[in-house]
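You will see subunit A twice below: alongside subunit B first, and alongside subunit C after that.
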Partner chain A sequence: MRTHGARLLLRAGLLTLLALGATFLLDPYRNYQLATATGVFVAVAGLTLLVGLTGQLSLGHAVLMAAGGYGYALTATRVESAIEGTPVADGAGGWLLPLLAGVAGALATAGLLGLLLGLAAARLRGPYLAGLTLALVIALPSVASTVPGLAGEQGVRAPFVPVPDALAALIATEQWHAWLAIIVAACAVTPLVALRAGRAGLRMRAVHDDETAARLAGVDPGRVKAGAFVLSSLAAGLGGVVLAIVTQQVSPGAYGLGFSLLLVVAAVVGGLGSLGGAALGAVLVTLLPWVVDQATTALPADLGHRLAGNLEIALFGVVVIVVTVLRPGGLADLFPGRKHAPEQVPST
Partner chain B sequence: MRTALLSRPRSVGTAAVLGLTAATALSACSTPAAAEVPGVTDDTVVIGTHQPLTGPAAAGFASISAATAAYFEYVNANGGIHGRSIEYVVKDDGYNPATTQTVVRELVQEDEVFAVVNGLGTPTHSSVLDYLDQNGVPDLFVASGSLTWDQPDEYPGTFGFNADYVTEGAALAQYALDTEPDAVVCVLGQDDDFGEGILAGVELAVGAGKVASSQTYSTADQDVTAQIGAMKEAGCTHNVLGTINGFTALAVGTAAQMDWFPRWHVSSSGADHPTLVEYLGADVAPVLEGLVSVNYLPNSPSSEWYELFSTINDEYNDGAPYTGNTTYGMSVGYQFAEALAAAGPDPTRESILAAVESGDLVGNGVAPLTYSAEDHFAHRTVRVAVVTDGVQDFTDDAYTVSEAGAVAVEPAQVPLENEGIPVTD
Partner chain C sequence: MERLVFLLSTGLARGAVLALFALSLVIVYRATRTVNFAQAAMAVAPVYVAFAVTSATGSYWLGLAAALAAGALLGAVVERWLIRRVPRDNPLAGIIVAIGLVMVIQAGLAIAFGPDHRPVHAPFSQRPLAVGGVNLLSPYDLFVLVVAAVVMGGLALLFNRTSLGLRLRAAAFAPETSRLLGVRVPRMVTLGWTLSVATAALAALLLVPTGLGLDPHAADVLFVNAFAAAVIGGLDSPAGALAAGLTVGVLASLVTGYASAAAAPLAVLALLTVVLLVRPHGLFAAREARTA
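Here is the complex of A and B:
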């Protein structure tokens, strides 16, 4: 197990370095897109394990991202104003302390909400859990405008994380934010890879395949399901942190029903249970709307307006159908080296 | 399990390499060469905006950018400004702050715009305020009256277009008191900067704590029965509304259903008569009779600007229905053209900001613009309009608002010159 662990860390390190290096090849706008896709990737990674391994379908993962985003923004802003004027604020601590505190705040908020949902998830099956999580997404705008401090539709500002002085001459803000996104992603996804491959992953599969058999083998399905839900909530929360850092804002509009369903699309298209697939799916759902937008602007304005917003949703539907028909294992299945059988699609 | 563990990172690696290659190819083919002044060439100036062309706010505001674009076409057809034609890139953000962030980055980094002009909405534009500031992009004439845009120290490049909401609230309440000294003034406001600004203005005029009932609504909830009921209970006679068009119609309609007909005093952002009639339907529209509003633009059928804009609207905007949004959109266009003309024959981002701050711009409003280095708001004077026999037109009442309150003044409409094209010399 130890060599596996070391190998995993080595691979994670190499991949992270590769991704950091890749940012030098991109212009600022593409780095912004990369950072956004990375944030989505982190959330989809958690979701794909939840759905692929334990068979629990969450349609409300956007809310868990929002919980992370709000937790980050509120905590980081507090800390930023607390250290303002003190000597700490002058150096790197000025942005690093709020950032770290924000991440802790995000993990706490998303984890807590995830735990509550997880407890319910342990008792609910398929469509009922999907319905519960769906209700959350729909309630988000009302919650944001009712709870004081969340500032309704306008949302909450998150502190701007400036490029450190030492790097300022070298990289642009967007590239720096892409770096932060990649580092958060590495910290969030590596543990997921380890869990997936280890005993926890085995227990989750056991619960998914046959709860009674799992119980006979001494596995508590309720605990495994709730645990898996909390884990994937933490990942979603970190995804929210990334988006909050990149856009310096958290608002309910960013985490609507459409976005929540896109996360599911990314997981399904990428290949349920596959983390590499989650990365592909995240890139797809981030880039496709932009590509469609580029295409519609070439059309006459009238037609373009009518198609705007609708065409991409239709396209996503088509992509999902094509992928599930041709490659039930998702895009991850297209690549050699995946020798084991594809994960089972959840029986919802 | 072993194979799974060993094979997984390899497929991640493959994916990463593939993604990297694709990204490189993409960036290589689309990175534009850096211009000296972004967006400015020998014969064009490219500017951009974010507008709600789809989504919940589209019905109320989508026609603004079309009007602005039509005005620019008119200017371009007549030789442009300093020989340059103005190219206006309009991006749809669906009134969703998250989308605004994406489209504004596209404008700045992909389209390399010279400036962002008239970005619409308080929640939407707030989300890109820091971004534009950090990138030194002039953020001209934001379509919102939130006080956020008037922070010259923090956001030196940001200027508001609307009269700020505090000014409007104070003028509306002062007019209520001037016409009816015993008025019981109440407020219904949107639960954001808009409603708060209007309330602050009303309190400036009637005195803090003297508002009989102050209610708020959320755009997420299409029902104001509870709020209107509470206002009726409180015995309000004059209701000041900090509402967008849809909710003005909803408030007036709901009150009419309760057989309650108080005086309505509505902010310019939600008082466009043709739009309200469309919302209410022709048979309910008579309840709008006597509706009081304020405006800072020549939005009156008797104004010479209105006449010119109608002609431009027919010729360059496919004869779209003329509404308050048409006046608004074309006035935005005129004001930008004036700033660009004042920025000199070789405009830079610095020179256009200096031109706006110089105080030399007059605009086309009911009083000359009030921009200065210390004040990034356009209008401190608003004029009262009343709906009479189904026509919304100005009265002779106007108010200038300062921290001391609203003071009645004579309106001083900026006259039309040179066929509405700023003179360059």
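Here is the complex of A and C:
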């Protein structure tokens, strides 16, 4: 058990360092894209575990990201103005305190919403849960304009996180934000990996495969399903934090139905249940729109205007259909060996 | 009081469209035990056909006929060529394929017709008629109610009083036995999708003139509300879909009138949540077998 955990931490640390180092090879715009893709990756990682391990399909993970984003922005802004003018605000605490408080706020809001949905999810099967979460996405603009403090369509501002003085000579803002994104991703995804390989993952698979047998073996399917939903919501909330840091803005328009479906696309294309696949899927859904955008500017204005923002959606749709019908394993299936190795079950 | 009567009567007209769309979801659910999450996109595509036909010929009625034909064709093609190939071992595969289909159809429509809202004119006036000084339904609302009643009556006759309806129901409830008795089950499933998408296209066509206009997402909210209605009514109960559709329509109209338009989706969401938590299989559905 201990060696297993140590190996996981070592691998996570190495991957994180590798990602941090890679940011030096990228120009600011690429670093901005990397930070965005990392935020999407964190949310997709939670979603892919939820769908792949427990068989619960959520079409509303964008709302959970938005909940995290709002929780972060509102808490961080509050703390920032509270410490303004005090000695704390002068040093690193000036940006670190609001950041940490914001992350805590994001975890609280996304976790709470996830718990409510999870309690519903524990009782619902496939289409019912998918429909409920879909209704939630459609209702998000209404929530934003009805709940006071969320500022409707316009959304709320998230505080700017400046580059710390010690690093100011070394890296630009975009690269610093990419670092923050990578660190948040490491903190969010490592526990997911550990949980999947451990008892929790075993329970989730047991409930997914045969609920009655799991119940007979002493596993409470309702609790496992609700717990999985909360976990996945926390990950989505942290993804929302990353996007809020990068864009300094949280608005309902950014977390609409289209974006929510893109998260599902990333999870499906990467291979449901695979975290490596989630990373590939997140990069794909972040970069392909940009590639299409670049390609369509070369076309005549009218045609380019029509294709921009639509061509990639159509492509994603085709890919999702093809993957589901022909190759349910997704991209992760293209690298066999790792996935089919028997999962190690820790003996406690 | 006048306001209440007006809101109730418009709510009834909106509810009739909702009930029609919910009924289309129920027809597919009964045929294949899946919720068609692509129904909104599949209903909007025929409305574009109707729009094109109406602008070319100037006749609303030709457009309506074209929408029904296009919806029927689309339903049959999608079932034959796509839904049939979806792996059956994973219950989520159908939903995920439907999501892919939504993206393809909506993006395709936006590329073909441009992303702007296109204003669509109703064949009758939308100004409310005053009865005894109280504003009631508009002629268009009356038209919607009549069309919805005729279509639902027709479908009820088809399913309950004809031999084809008997075969449709048999294929849905006991596919193996029906096959042994000579019913062509795959053909019945295709027919179910045909009827369903044509009905959904009609509902979307009736809805569009009352909204902002035609765009690829015009039926998204209709789908969510109709899904809520179908779930509240129980996914395999046509009568439940009718009752719940009218209820949700009136609820949305009252909330819009007395609170705000933004609160209506929240009310529907709250209603759906409560019903799912209290009776997950709807108010009118037969009880499912216990699992444990």
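The criterion applied here is as follows: the second predicted complex is superposed on the first by the 332 of 348 C-alpha atoms of A that agree within 3 Å, B and C clash if a C-alpha of one lies under 4 Å from a C-alpha of the other, contacts with A are read in each partner's own complex, and residues count from 1 in each chain.
Here is the rule we use: a contact is a pair of C-beta atoms (placed from the backbone, for glycine too) under 8 Å apart; a residue touches a chain by one contact, two chains touch by 3 or more.
Remember, it's a predicted structure, so these values are computed and weren't measured experimentally.
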Room on subunit A for both subunit B and subunit C (clash or fit): fit
First (subunit B), second (subunit C), both or neither touched by A:Ala197: first
Touched partner set for A:Leu20, first subunit B, second subunit C, both or neither: neither
First, second, both or neither for A:Gly253, with subunit B first and subunit C second: first
First (subunit B), second (subunit C), both or neither touched by A:Ser145: both
Touched partner set for A:Tyr29, first subunit B, second subunit C, both or neither: first
Which superposed partner A:Ala279 touches (first subunit B, second subunit C, both, neither): first
Which of subunit B and subunit C A:Ala120 touches, first, second, both or neither: second
First (subunit B), second (subunit C), both or neither touched by A:Leu299: neither
Smallest separation in angstrom, by C-alpha atoms, between subunit B and subunit C in the superposition: 5
Subunit C-contacting residues of subunit A that also contact subunit B: 141-142, 145, 305, 309
Touch list for subunit A against partner subunit C, complex: 51, 55, 57, 59, 119-120, 123-128, 130-132, 134-136, 138-139, 141-143, 145-146, 211-212, 215, 257, 261, 264-265, 268, 305-307, 309-311, 313-314, 316-321, 324-325, 328
Subunit A partner contacts - residues on subunit C that touch it in the complex: 34-35, 37, 82, 85-87, 90-93, 95-97, 99-108, 110-111, 114-115, 217, 220-221, 224, 227-228, 231, 235, 260, 262-266, 268-269, 272-273, 276-277, 280, 291-292
In the complex with subunit A, residue positions of subunit B that touch it: 1, 3-5, 7-17, 19-20, 23-24, 26-27, 30-31, 53-55, 92, 94-99, 101-102, 105-106, 109-110, 122-123, 126-127, 130-131, 134, 191-193, 218-221
Complex contact set, residues of subunit A against subunit B: 4, 8, 11-12, 14-15, 18-19, 22, 25-30, 32, 34, 36, 141-142, 145, 151-155, 157, 160, 173-174, 193, 196-197, 202, 247-249, 251, 253-254, 256, 274-276, 279-280, 283, 290, 305, 308-309, 332, 335-340
